[in-house]
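In order of appearance the chains are A, B and C, and numbering begins at 1 in each one.
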């Protein structure tokens, strides 16, 4: 009954009036069966669609995909020392890299199961939206328009920063108040830097020439060759890029900070379980430092007296199940990646980029890192 | 006699006299420019700057004027006179060209060859003033193969070998199967190309290590993209050309719309579209690889140009062919595959070669989607902290590589055109 | 057979269904994707504030203007670099094309070398070379290359004096009057030639007109011109810049250079094909009726050669305009970089912006092709 009675000759007979009138009954029968079949198809499709809708609410598609492919797809920069940088052998290190490693440790139990995709500022959001990567950990500034308007969700801040300017030491400029009309400034295209730069120069009433390139390396080369008088981006980026220049000592970063740049990881909108996993992986790293849990003593902390410490090392509670990850997720993060302080020290302080943690210190020690408790 | 010299035109009677006078003047003018450019010696320093600037030109002009004797009987002199000294204007042009060559080629040559460094392995080994070819030597494998693992590079070489042999074997097809050549090239080549990319170069099965497309790069990526885009755009272009000439209005106008659309937009926006819009058009959760998207975009773009080329060939065929084929009772497809297309395609082989040339020259644009073929690799290398400032050497090298490839291809297509036109 | 008679309808219907289903599939997916991400589709972002500045623009623009105005700035920059490129590539192309036909061996070889050299290197590579290698090697402003203290060439750009007009509108109207009068002079000359066989020196008359009319405006109309010269000013201990005058950014120079040199080779080939395409018999017949060499060129060779030259040359102009989109590779703010680059990255509206950009280029292409078709029909030799 459900099989369509589709007969090509009958259909083509429709176009010939005389033959159609002869076989009108056969034609009508065929049309009826076609209708029935299409109703059947549509109902089946709807059923399947509704089912998948129901499934999606329970388990995140990204989580399922990550478990299936056995690695986390992480989008990083094209080489920014301290945040995401690959050495000659292809090993990636940096605080942004550590966020992805933490997610891998939480979900897959092994912080090495990450595939890094270097992205320019232009392709970073489209790579995330299209599914080429699942986490964008690329010192991206959290702004309203990015959060609300382009289909992405920011899940936290792993580095509080601000925008600054870099000039040559021998230019004699010691402060941004010494900038004069007609200065040329190099920056990356399509970043908050471009917009903040404009706000800053406008507020000071200085006319300037913006020169914006897509790749960070092009920007640095342009600044180095003298095409621009100053280079502007997040201060952490300035410090990192300075280590890559021909003569790092020839350049200084001016003391003023002209904007707020909270940098953090980004995920796609619409997958709340995955959002939670990334958010809480980062939070666990920070909270572990707050309680003094390090990668070295994490195992011994399972017998601690403090119930929150026990929860953080997975010795108590079922926090993992709420996120859909194994219960030793937080222990794996702390053991394999370390807490936030270890990550910062290893990547940014010890390499000489920014020895002083500034606002990126725990709230108990004068900084502004205050995260929700994992309980 | 001296008065005679200045008032009479150089003539064949006092041949030896005029030629020797001319040669003396020419010698001095060239000597002046020569010494000036190579050794910075100014022979005429006792004259003012203005005079010594124009002195070689005047001397040379007088020299050429005196040797301008028609039909001397001396082959050497006659050739020179005919080719570079036929009128005063021509002699001035010749002089200017020679002077420009003498003045500007020594610095160029010394930068390229004489002062250049090629031995060594770090930037410090570039001690001379000239080009630092050490940079190219160190990065050569990267420029050729991109980030492809060194151990697996034999796979790329093998893939191209297979491709070339399969294209070359077209010549050795026995007479019996020549009719099916067109169908084979429309259907067979894309299949071979697809299998090569999927299994050999990308790997992942049959024990070959999987190399992600982000690691492909360098000149091999240029070739991969151009060859595969050409092979895939060939059948699409043929279908579009046939569609444009069809009498069915729907097919005709959709072909025209398709062709005019892709011809009217720049390739860079097409690549933007593939990088940014394609993912939106795919079902949620599916992810199409970057390289695949880029090849699809380039294929669609070039197929419009290929369609116009093929259409030119179809139009050039005499109507008699169509009528004869129809009178034999051949259907539309058999007529096209067996009779029309073989002749039309033979007519436009130069056009196809031109499209392929344009395709090769357009491949550097895929940096837009983040793929690094040779120009992109050079961009990467020149901003490496250890190798800053090598932009000129890098781009000269890439330019030379492309020039050799494109020049040989254009010469080949010109020869092909000559060979095929005499056949008629 | 019955089926065969209506096969044409069937295949057309299948084609329509195929096209509709493909479009429908894409649109449906896009809809689903956008819903999932919370993005919506619409062109209202065009009136939002752009909040980014553009380095070089022909019209007044600041960051508080709308994205639509940024689009206009990008479009004008594209047209600017295309016009400059077309101008120079035509001049160079014609010279090189004629040089390729020269009987002088050296000159012909040099021209051939020029064509083969610039044609076989990809445009992007030439652009990269000019911008990153050649123009980056220019000196800093303090050591700028000095042209008689009127203009300066440095790594930051080429500084030329700015023309400051008073009563410029009178000047512009005098130029327009000159152009109109040239038009009338040519029509008059043509009429005289056809009716009475008299040759009027139309070229000299037009030159006279275009020079005298603006000069009259200058002297009597109160138009005056003054220059604002660029002056080296110190901005800090080692940073110098030029104040005053107009600065031409090195991005624009590199792009115009690369485009002109590359396209000039194609124009040269077209010119050569055009001149060679005029049969030898034409030149000989013209000489035999007593025309001088320049008259032969002007009245017989050039009109016929132009008919062969102009269609492919217009195609090359179109290619040049489309190739100007390569500005996205260097920091020249043309339509692609400003709109499909910065604006898209700031708003995230990929589909709308890329569609608008492609539509703009499509419109320009179709307009030029339409014009060329009209021209072709007008000058087509009416064959029997």
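Just so it is clear, a residue touches a chain if its C-beta (ideal position, glycine included) is under 8 Å from a C-beta of that chain, and two chains touch if they have at least 3 such contacts.
From a predicted model like this one, the values you see are computed outputs, not experimental measurements.
When chain centres are defined as mean Cα coordinates, A lies farthest from chain C. More C-beta pairs in contact connect the chains of A-C than those of the other pair, out of A-B and A-C. Annotation: 24 Å between the Cα-based centres of chain B and chain C. Separating the centre of chain A from that of chain C, both taken as means of CA atoms, is a distance of 41 Å. Looking at chain C, residues 34, 36, 132, 136, 328, 344, 350 sit in touch with two or more other chains.
Residue positions of chain A touching 2 or more other chains: 126, 129, 221. Each of the following residues of chain B touches two or more other chains: 276, 279-280, 379, 382. Within the complex formed with chain B, the chain C residues making contact are 8, 11-12, 15-16, 19, 26, 29-30, 32-34, 36, 102-107, 110, 116-117, 119-126, 128-129, 132-134, 136-137, 322-323, 325-326, 328-329, 336, 340, 344, 350-351, 354, 357-358, 361-362, 364-366. In the complex of the two chains, the chain A residues touching chain C come out as 9, 12-13, 15-16, 19, 121-122, 125-126, 129, 145-146, 148-152, 167-168, 170-173, 178, 180-184, 189-191, 194-195, 197-199, 202, 208-214, 221-222, 225-227, 229, 268-270.
Residue ranges of chain A in contact with chain B, taken from their complex: 61, 65, 117, 119-120, 123, 126, 129-132, 215, 217-218, 220-221, 224, 244-246. Note for the complex: chain B touches chain C at residues 82-84, 86, 90, 93-94, 97-98, 248-251, 254, 260-261, 263-270, 272-273, 276-277, 279-284, 360-365, 367-368, 375, 378-379, 382, 391-392, 395-396, 398-399, 402-403, 406-407, 410.
Residues 214, 275-276, 278-280, 285-287, 290, 369-370, 379-380, 382-383, 385, 388-389 of chain B are the ones that touch chain A when the two sit in their complex.
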